[in-house]
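Contents: one structure, followed by commentary.
Chain lettering (A, B, C and D) follows the sequence in which the chains are written, and residue indices restart at 1 in each chain.
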Amino acid sequence: MSTRDKVLNQNKVAKLTDIGKLIKDGDSVAVGGAWLSSHPMALVRQIIRSGIKNLHLMTILGSVDIDMLVGAGCAERLMFSFVSMEAYGLPPNFRRAVEKGNLKIDEISGLAIIIGFEATGRGVPFLPYRGPSGSDFLKQRPDFYKQIKCPFTGEDMMAIPAIKPDVAIIHAQRADAAGSIQIEGTAGSDLELAKAAKKVIVTVEEIVPTDVLRENPFKTKIPRFYVDMVIEQPFGAHPTSLVPSYVGDPWHMMKYMEMAASPESFKNYLEQYVMKSEDEYLEAIGGLKQTNLLKKLAREVKSL
Amino acid sequence: MSKYSDDYSPAEMVCVAVAREIEDGDILILGSFTPLAFVSYVLAKVTHAPNIMYMAYSSVDAGPFQLTFGTYEAAATKGGVARWNMTECIHSLYLGVGVDVEPISSIQIDGNGNMNLSVVGDYQKPMLRGPGGAGAPEVVKLHRKMLGYFPSHNKRTLVPKVDFITGTRWKISNQERLKAGLRPGPMKLITNLAVLTKEEEGRPFRIASVHPGITVNDVVNNTGFELEVAKDVPETEKPTKEQIRILREQVDPYGMVAFDFMPGKERPAYLKSILEKEIKALGC
Amino acid sequence: MSKYSDDYSPAEMVCVAVAREIEDGDILILGSFTPLAFVSYVLAKVTHAPNIMYMAYSSVDAGPFQLTFGTYEAAATKGGVARWNMTECIHSLYLGVGVDVEPISSIQIDGNGNMNLSVVGDYQKPMLRGPGGAGAPEVVKLHRKMLGYFPSHNKRTLVPKVDFITGTRWKISNQERLKAGLRPGPMKLITNLAVLTKEEEGRPFRIASVHPGITVNDVVNNTGFELEVAKDVPETEKPTKEQIRILREQVDPYGMVAFDFMPGKERPAYLKSILEKEIKALGC
Amino acid sequence: MSTRDKVLNQNKVAKLTDIGKLIKDGDSVAVGGAWLSSHPMALVRQIIRSGIKNLHLMTILGSVDIDMLVGAGCAERLMFSFVSMEAYGLPPNFRRAVEKGNLKIDEISGLAIIIGFEATGRGVPFLPYRGPSGSDFLKQRPDFYKQIKCPFTGEDMMAIPAIKPDVAIIHAQRADAAGSIQIEGTAGSDLELAKAAKKVIVTVEEIVPTDVLRENPFKTKIPRFYVDMVIEQPFGAHPTSLVPSYVGDPWHMMKYMEMAASPESFKNYLEQYVMKSEDEYLEAIGGLKQTNLLKKLAREVKSL
């Protein structure tokens, strides 16, 4: 939608199965979240279910979201600064794909990729900063890192070009029907992804009346004029976390690592967990007992 | 009776050595989750550096919290005084006021202080594809102190020349850093065997200290690049009894710190055992 | 029976004309407090443009509110869905997604569409020092529509050449704007006498319409720059009875809109009378 | 203080009369707030009381704050994009000073001055944006506006240099003793001023325990490591507003305009309202009856 259409449309509520209207084969898709937090996993699973292919994925700090999309064969290309399972090890599908030469990669330093998304939202074709001098990225990607001089001080600065994804996918706590989004915990650079992308799809734990957002407008991080579609999907970040609502699911992450260890067993993972509805998924990962435990863990924290 | 402990693990030795690098008043970032680094930060905050300001996830000025595998992110977030997203963090802290130290590990590091988090082997057809650098390419250069930590000191990690330079300190000596408009600060590697430091371009890493029970030869024989060895290399200061007590009773009661020091195969079982204890403690 | 009203003030005429320039789906900014502009925005939102998104002060996506002299800022802030400060506003809206229209007044404007909010006379030793442009220098160029409004249409304001160019449209015709990477859109001046529009570089302003009761000669004689005059200039569409009712009953019950149209001397007394009514209504 | 000292100092609570420790004659002082909102008026009055002189004032959207400092003879120079009393007319002291040639001015476009402050906080010597083409400012201030080309697209962009004030003065709702600041209403670009200035002084309506800030961290806009001094001063923005706490005081603004009409009567204004304590000031403007009315007006708003 054009910005005008996003402003005019006050009812953006849709179902997961509607995402095919906005994500097409071959699109560049920026995936929200960071580390093992707040990734739009229900949307990731739906992309796989919908059989959308040849995506040019973009992530700042990716994890199981990227690994799953790569393992399911949805990605042709990946722009990233980091793809990690942290304590669980290296991302198995990502590793295999790159080591076998089955995935084209654009590896970029972490600050640069954030600044590239940010530039688009600010309406500038580039932004300067103090870049990663001495890194091989500079030799490898002269199209992405350009040395410029400050016109006032003469200092050498690094210029980064604006990055413009077709679609951004994000998961957050709360939205209204018009698409204003509240984020309470780990926000990554989801706001900058939303500003940079032509189309923005957000799943949320709950859709609420706008007056609920007005009660604490300080939590509203993405206003409605950036958003095309909102979908209510509780535990839409699982197995990653959405603090303070729930923690990540270490049991399922270990299960994932086991089953992603080989292409064959990963096929089974997709069948058992992904190629079914989100309701069935939540049952498969342990149902209410498990989701309640993850909520409880998010509350039962010990400050010193 | 000595204030120092003789009952500590190699992991606890490294954790305390990292914590000692944190000075009160430092600005720190808790980035990608590595239990040892997180434990070191919190240990510093509850002992000698109560006023440090760290940002964890989107939580600015987070309080000290107990490290558990289930709750570390929620705990760091709950204690925060403000919320910033990653974009606000990099401009305000990394590039603005400046961060003092952020311990970083890598797949390879060489004698020039080049760090590789990208690939082992050829970049295009790697034998091992790593996670990538996240903010490391910028951070290694920009932060006041560069602190690398390596749970397993060996020639596969400390190599003559890295296969790919994901990031590097760029300017090392204080004079060179000042000339380049960077804050001067040391460059140190803390491993399971020793503390290495590099003070100047062109000059090799020096063995600053070896951990108790480790010999200089152990260090030299396990390092793939040239080392400067003084006539008598001091022993790394041991953890104090107080530090070990606080570690085990308050900051890291489940022994998360040991995690980084385990072979990959043993990790899942260890995580499961930690989780079981946590759940029991919650009465679930 | 006509839907149009015959009972309206010159201020209400201009206010309604400005409101009609606002299209549903527009993104708007309530900047420096000028009662007429604020009243026009809210009138548009409660009538033909319910989905417009406006930011007022730090309040993003503020709701419609009753304009009173005591409470306008608090009312706009209370209804907001999000909070952004001015820095986030200019990058996200002015320079990012783009703003559609923001009515601006100035000390002088000339036939090239140059606006002067800085000085009358010599810049260094001015006869009159104005407030300055705030965001006008950028906004006049960037916004989709450029809308100037002038409560007093006279040759001291609409001048042959401004004494200082605080800001200007820069590119006027749609082709020129598109070539320069700017969104195409009209350039209009709404005054107490008429609506003037400029469609191309080099071509004079055209009288788009004259308000009821005003002649083309009134307009020409009070304008300091050349005007293009068509054979028959249409009359400006009058306010509807509904618009006047909503203005007086809901949006502007205290007649704030008249304020911009008063001589400076009369303004304090008028403000005091409005405040008295407000206080009475509050039961203080 | 250095950033390290700001982090180490967890008790920054001071009295208004302490500001002389941080603001010196001839300093460049960026004044917070915008329009007729949230200006640090108690600090402005204290600067006048303390007889601090030859200041290089900086404001984005200034008002009675700037007019009062200029009228009291504290300013040698002013960087600004706007100084206005809005509905009350033109700022009398500012007008007189400039028209008589008694104040050196650096007039800059509104977006440029914000971006200049922002650049300093981001650690860059300049930032690019789409500037005010055709404005006489470009001819007049080639030292402030420099045309540069995007190294990727070749587009012409305007570069703005980093602005670095010695001191920023700000008023806000709430702070803790360590100097973390909550802003609930109109925020101007106070955060960017705080990031840009070497020294930051903030008055607040109330100083509270840090746990109060943690209850709604989303309201904390300026973290403690930017702040040098916090001073509790209720109604410290009067006669400007601090929504949602209180509205501006139109009665006093009209009184100000009357008395600022001539240099002679403005002397009387300073004597009657400024050259006394803030407690006496609040009595002089109508005491509790008046301040309660301004609070009530901020609550009694009518949404449609």
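As a working rule, a contact is a pair of C-beta atoms (placed from the backbone, for glycine too) under 8 Å apart; a residue touches a chain by one contact, two chains touch by 3 or more.
Being a predicted model, the structure only gives us computed values, none of them experimental.
Following the contact convention of this document, D is the list of chains adjacent to both chain A and chain C.
For the pairs B-D and C-D, the count of C-beta pairs in contact is higher at C-D.
With centres defined as mean CA coordinates, chain D is found 39 Å away from chain A.
Note: centroid distance chain C to chain D, computed from Cα atoms, is 27 Å.
If each chain is reduced to the centroid of its CA atoms, chain B and chain C end up 58 Å from each other. For chain D, the set of residues touching two or more other chains reads 122-124, 129-130, 155, 218, 221.
Taken residue by residue, chain C touches two or more other chains at 78-79, 83, 95, whereas all remaining positions touch fewer.
In this structure, the chains touch in the following pairs: A-B, A-C, A-D, B-D, C-D. For chain B in complex with chain D, the touching residues are 24-27, 51-53, 59-61, 78-83, 91-92, 95-98. Residues 31-35, 42, 46, 57-58, 63-66, 68-71, 73-75, 77-79, 83, 85-87, 90, 94-95, 114, 118, 123-138, 141-142, 164-170, 181, 250-251, 259, 264, 267-268, 271-272, 275, 278-279, 282, 284 of chain C are the ones touching chain D in the complex. Listed in rising order, the residues of chain D touching chain B in the complex are 3-5, 7-8, 10, 121-124, 176, 180, 195, 210, 213-214, 217-218, 220-221, 223-226.
For chain D in complex with chain C, the touching residues are 34-37, 60-61, 80-84, 86-87, 89-91, 94-95, 98-99, 101, 107, 109-112, 114-115, 118, 129-137, 140, 155, 183, 185-192, 221, 241, 243-244, 247-248, 250-251, 254, 257-258, 293, 296-304. Here chain D touches chain A in the complex through residues 122-130, 146, 148, 150-153, 155, 157, 159, 161, 216, 218-219, going by the rule given at the top.
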